[in-house]
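The following block contains the structure, expressed as structure tokens.
By letter and in written order, the chains are A, B, C, D and E; residue numbering begins at 1 in each of them.
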Amino acid sequence: QGRKDSMVIGMALEPPGLDPTAGAASAIAEIVQYNILETLTKINPDGSVTPLLAESWEVSPDLRTYTFKLRRGVKFQNGEPFSAQTVKFSFDRAGAEKSTNKDKRTFANLSTQVVDDATVVLINKEIDPDLPFLLGQATAVIVEPKSADANATKPVGTGPYKLDAWNKGSSVVVSKWEGFRNAGSIKLNKVTFRFISDPAAQAAAMLAGDVDAFPRIATRVVPQFKANPQFQVILSGSRAKTILSINNKRKPLDDVRVRRAISAAIDRKAVIEGAVDGFGVPIGSHYVPGAPGYVDTTGVNPFNIEKAKQLLAEAGVKTPLELTMTLPPPPYARQGGEVIAAQLAKIGINVKIQNVEWAQWLSGTYGNKDYDLSIVSHVEPFDLGNYAKTDYYWQYQSKDFNAVYDKIKTTGNAAERNKLLGDAQRILANDAANVFLFQPQWPTVAKKGVKGLWKDMPIFVNDLSTLSW
Amino acid sequence: MPLLEVKDLHVQLQTQRGPAEAVRGIDFTLERGETLGIVGESGCGKSITVQSLMGLLPSTAKVSGSIRFDGTELVGLPERAMCKIRGDRIGMIFQEPMTALNPVHTVARQVGEPLRLHRGLSAAEARKEVLALLDRVGIPDAASRLDAYPHQFSGGQRQRIGIAMALACGPDLLIADEPTTALDVTIQKQILDLIRGLVAERGMALILISHDLGVIAQNVSKMLVMYGGSVVESGPTSSVFAERAHPYTRGLFAARPELGTPRGARLATIKGSVPELVDLPKGCPFAGRCRYTVDACHATCPPEVQLPHEHLVRCIRLGEIAAEESIAA
Amino acid sequence: MTNTPANTPLLEVTDLVRHYALPRERLFGTPPMVKALNGVSFSVRPGRSLGIVGESGSGKSTIARLVMALDKPTSGVIRLLGEDLHALPKDALRKARRNFQMVFQDPYGSLDPRQTVERIVAEPLEALGETTRAQQRELAGESLVAVGLRLADLHKYPHEFSGGQRQRIAIARALITRPKLIVADEPVSALDVSVQAQVLNLMQDLQQQYGISYLLISHDLAVVNHLCDEVCVLHRGLVVERGEPQHLFAHAEHPYTQALLAAVPRAEPVIAS
Amino acid sequence: MSAVPAAVPGTAPGQTSGFWRRAMHHRSFVIGGVLTLLLVLAATVSLAWTPWSPYEMDIASKLQKPSAAHWLGTDTFGRDVASLLLVGARASILVGVIAVGIGLTVGTALGLLAAARRGWVEEAIMRFADFSMAFPAILSAIMMTAVFGAGIVNAIIAIGIYNIPTFARITRASANAIWSREYIAAARACGKGSFAITMQHVLPNISAVLIVQITIRFAIAILAEAALSYLGLGTQPPQPSWGRMLSEAQTMMFQAPLLAVFPGVAIALAVLGLNLLGDGLRDLLDPRLARAR
Amino acid sequence: MSLFLFKRFVTLIATLIGASIIVFLVLEILPGNAAQILMGPDAAPDAVAALAAKLGLDQPAWTRYWHWIGGLLTGNLGDSYAYSSPVIDLILERLALTIPLALLAMTFTTVLALLVGVTAAARHNKLGDVGLMGLTQIGIAIPNFWFAILLILVFSVQLQWFSAGGFEGWDEGVLAGLKSLLLPALSLAVVQAAILARITRSAVLEVMREDFVRTARAKGVSQRAVLWRHVLRNALIPVITVMGMQFSELLAGTIVVENVFYLPGLGRLIFQAISNRDLIVVRNCVMLLAAMVVIVNFVVDVLYAVIDPRIKAHDI
């Protein structure tokens, strides 16, 4: 294969706009983050956080004050300079009243102070040791005041690539920005993101040579590429947790024995095989291997049909028990749902499957909490806090957990924090708050010659700066 | 050499109930300028006979015997060669003026089609010819109506257009298959006058099919009477009208109500109805419906009997009939 | 009109006018009209028959439709047995229909191909709704025999019959209510001469047997001459001449009648071979 | 009066026995009938027995080739394809029967009404048909499922609704042609009302057209269900249908093409059977063609 | 004719108004709110409310309906919630693909159907006829998304003649554009062509029994010329009636086929917009589709009169 300076990357979904501070779709970040728009910090494949637009930062001992030293001489693609003022503008904008930022709450808690052109101080109302990580996410991109409002269609950032064209419904084309501070290290001149949602079409596009690399391709089609010498398959870990969420307030699901019975009735291996074609690692709690403080809790509620039946009987549940399972569109949910329904049938739970669109899922299941069971992949890297919210859609409530979580929030010491995290995981596992199914592995299929693909994916990005042939 | 010589013509059709002999052994000749009429009941094979001359029968039909047209054998002639003759040397006028024209093409195009096909005229040249033809057949103000469609003409006018089409290339033989049945008497008269005039003028041979004896009497010099696929009587028109030798011919003539007969008189009828082709009897096709039937009639098809003036009849009981008649008289 | 009425007329038509409005060609402006009938009057006395002749489009079928109350006249009155047909309420009209029936031109199109002969013939009875199924069958059989068909034919379908036989079935249907008047619109023009003769004879026989009157519509003068006591010559929606057929055809006065008569080809050979 | 009807070879009075005797000699009717019967049989048998449970998963033995144990192999969840096909026949029949039923009853009624009443009634009905034609089945199904949730019932209704204008138009066109026949004028002359004429004369005479249309629409309904299933709007899991099997197999076309072949062939055979049956029925119900073939 | 056009135009407008009301009402009762979808499950409630206000979702339905109709008339359809760009631009972009796709598919349908239908009719009841009709039976039974994948398998993956999908826009040249629409159009056309071929065949057979065919042959016109010049045009009335209906089915079919070939067309826009609750897009697209179908029906009506001079305006 000769030297090539362009690449076509496949994506399952098209972003609704290109401004990650205005929309929540992960597809936005997959195109713009680190490529067009940049953040103060950068989250690396291994989950570590390193400087990007910031050169370094310091944290006060009480974990409330962060001082960022900024990179100098950085310019936006429209020629405006990057400075402490732009950082303040960006963060204030994200936390403002009218903001539609997904992480609005985080930014509302921050007060940003400009010290000099190259120094900002962030003061956090809450304690969050993860703040540098949060500031590496797409919602925290630094935008330029004049162009910010047009970012949805014409994003202007400090990154190595600029937007060339957006053929709605079909593709986004970006090309190398010669004004980038480190333009020499960028290998690809032109990258096309092509949107293909149908799994068979994804496979066809790869096989026909239309697409060079396809991160997070549908798991269904991966096996055929494994055996094909023209392709490489990379399995990357993630921070996502695919769970069978349980409405903890619904009878009889409010009984911990029933929830445990459901957990015990599920053979995670088979679910992983059926839902994501084996591309997943079983988990026992809402936390994934590789994340700091992980403990293996898969043994807490092991697969055991007899035990499950017994638990149901103890809880006084009359079988067959009729439950509905509301499934959003992604294949892992739809396919996993079928498998789980079949498994629950074995302990006398008749599951009625109800397929819904995201819109209905959000309003009915998530919003009105009108559901029994559902399957969702929670992709936020660190979201244990949702178990502390009483009004979250699974309506879990535990004093023990809340106490542990409050401590986590205020603990800066890593070892201590990790121990607390372990406790939190064990509580959730014991309570069988949800059925924790697996940590998905994102398969990436690429042509043999593609180099520099991310091996792991704590967040959804396609970092073009590392790619080459 | 006669223009048309038909010998022992047989046509077999595929019907839903199996193969049927629609035409069984017809002979006749036609000289240039001569006129021939064919009469007979509905379904007796008149149209099939003339369509076989034109090679217009469905592809499942089997034609045997001989049709010599101006020295060319038409039976078995390949379709391409037949296309050259149709519309050029033989023209045909059909019964239904309402349906015989293509409703979606202009009159100029339809009438001009044979000219362009056989004479190789350009569209403009053909148009000029068509105008002359339409004038000739008496379409009023033809020039302004060239681009009209058939439905914009009356029945009589449409039949004239059909005639113009058949005459376009100046055929040697004109076949008119019941050209006036669908028209009312006054228009029928106009059309027949027109055909008669054209025949006289151009010296074409004419085959005229009708079951209206009046029409035949006024327009042709010789005639065939058909029944059940065969010719039961043939000869000069005057002679056939005068003799009515075959019992079927008699029946046909007698069944016709005529102006001037007193009211209340019963019409003579032929009992029974025309047999279906598939179950035609072996012998004389009219046997069984005929008053004079004897066993011998059922045995074989009767041979031709020669009467004066080249008048031929297929009946074995002519003597008895004549005898009975004289007694009655 | 030369005869003085012996008794009240069976059918009396006065000043019948029917204009058809063609759909408008443009938005504003009056729609074009076809003046099919422009004031036709005639009457038929019981047991007598009237023929109507005329060229195509002269309005013959329009008269038939109006007399059968299948269509409403623009103006004019049609009285059957003294009652104004078009003023009768729906139900009364249906009852009255037993007295007048119709035979259509096309023996192939006027019989429903999917019904048995029994149902076809019994249809007028069924519409009247006064008889049981069994009675209908019996009467249908009788009617069929009256027109020279067989009882076994009741179970057959129309396609199994020849044109002449079908026209007999149509007549059997018209006959089944023992009507006083049968309107026949070109009943034999689709038939062959020999079959035509059979049907005409049949109609004549039935008239004598049951005292039926015919309103016979035809363009064939000879047919009308054969069956009718009186003829009306229709031309452009007007009766231009009327009288006894024998007389009329011998001494036609109106030029149109004369032209009509002159156009009939005589069965006398003119061309010498 | 002497005319005696010629001997007309005709059918015996006993019509019903004659129908089956004729039917048994009608080639397309027999083939179509057998195929359709097989379809119904498959659906019926599946109520009582299937080789394996169609819901039983055995992920370990997924995507197996056809074998003695699994006649047609297994799918991505290790379910038995043969059993799924048998059970799937039920949904396909359901979709076809109900969707066509809706279109047939409502559409034909509207079409007959339009032809019988003419004038503004006809105009209104035909404009209504035009109007509903503007919402193709998939479009209305998408909108309906968005409102009421995905499911076979909504799919069937959406397909059924789309069938209404189709049947209405075809019925009206054929019925108008029948209304201009002389035998209708004859019936009117007898004093029959529009309703009686419609039921006794018009409907039987347009039945041939309707039968052909029914079989075509039936086939299209099965395919439409497949397309809706492809978009996730048809039959919901775990209930199998041929369309859903096909759409699931579609993602596996490159690995396990056989998975897509079996339901495809099943649909093709069912459609073929119905078409042949329809053609045969049309011929057999026409007294004019009764003696043919 | 002018009266006919006027009447037809009035009904066309009435139909469109009816359609607009239905579309609006149906979408009105859709559960789910665009703002929530756009923001995702974890978004702050006040952020969602802010977005809803920005999108004008908090106004009463009646106002929004008038607003919409007014916009339709002035060509200002508003901005897409999801793409935050003008809907009219979005739709026009998508139409640039969907219309050529539908037309291409319709062309394939017509050409295939006429060829097969007329050929089969010409060989009535012979081997060719039986064979072709057998093929159409199979054609009717093939779902289009399935056939699409088959085409991709053969022509893109095995032979690599075409790309497996996608559409680069017309800037790359008309030929390149058509090339990427070829397989999608073919997979859309196959079922419709099979149905249309059967209808063409029976229509042609029907016309072949008419008298004027015999007249034409009597003029010496060859069988083939009779078929194409005289018979076909007369057989077109039932054929274009069905074609009119098929056009709407084709348009709907694009939703599926655009998905398989990942084409940026109107169908996929609608499908995505519905799941995004991007109602302003859905509403206008559905309205557009409905309008296209209504207009196609109108064109079909006018075509009747063009094809058959006997049909005067009032017969329609």
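Quick notes on this structure:
As a working rule, a contact is a pair of C-beta atoms (placed from the backbone, for glycine too) under 8 Å apart; a residue touches a chain by one contact, two chains touch by 3 or more.
Because the structure is a prediction, the values reported are computed rather than measured.
Path length between chain B and chain E in the touching-chain graph (shortest route): 1.
Distance from chain C peaks, on a Cα-centroid basis, for A.
Computed centre separation for the pair chain D/chain E is 23 angstrom, with centres defined by C-alpha atoms.
Inter-chain spacing, taken between the CA centroids of chain C and chain D, is 46 Å. Mean C-alpha positions place chain A and chain D at a centre distance of 47 Å. Centre to centre, using the average C-alpha position, chain A and chain E are separated by 39 Å. Multi-chain contact residues, meaning those touching two or more other chains, occur in chain B at positions 269, 273. Looking at chain D, residues 3-6, 146, 250, 253-254 sit in touch with two or more other chains.
Residue positions 198, 200, 204, 207, 329, 357, 359-360 of chain A are each in touch with at least two other chains.
The touching residues of chain E, counted against chain A in their complex, run 30-33, 36-44, 46-47, 50-51, 54, 82-85, 90, 93-94, 149, 152-153, 156-157, 160, 162-169, 259-265, 268-269, 272, 274-278. Listed in rising order, the residues of chain A touching chain E in the complex are 14, 16-17, 22-25, 97-102, 104-105, 152-153, 167-171, 194-198, 200-201, 204-205, 207-210, 329, 357-360, 362-364, 366-367, 380, 383, 393.
On chain B, the positions that touch chain C within their shared complex are 35, 41-42, 155, 183-189, 192, 211-215, 217-222, 236-239, 241, 251-270, 273-274, 309.
Across the complex, chain B is touched by residues 55-56, 162-165, 192-198, 200-201, 204, 219-223, 225-229, 245-246, 249-250, 259-273 of chain C. Chain contact summary for the complex, chain A toward chain D: residues 198-200, 203-204, 207, 218, 220-221, 223-224, 269-270, 273-274, 329, 334-335, 337-339, 341-343, 345, 353-357, 359-360.
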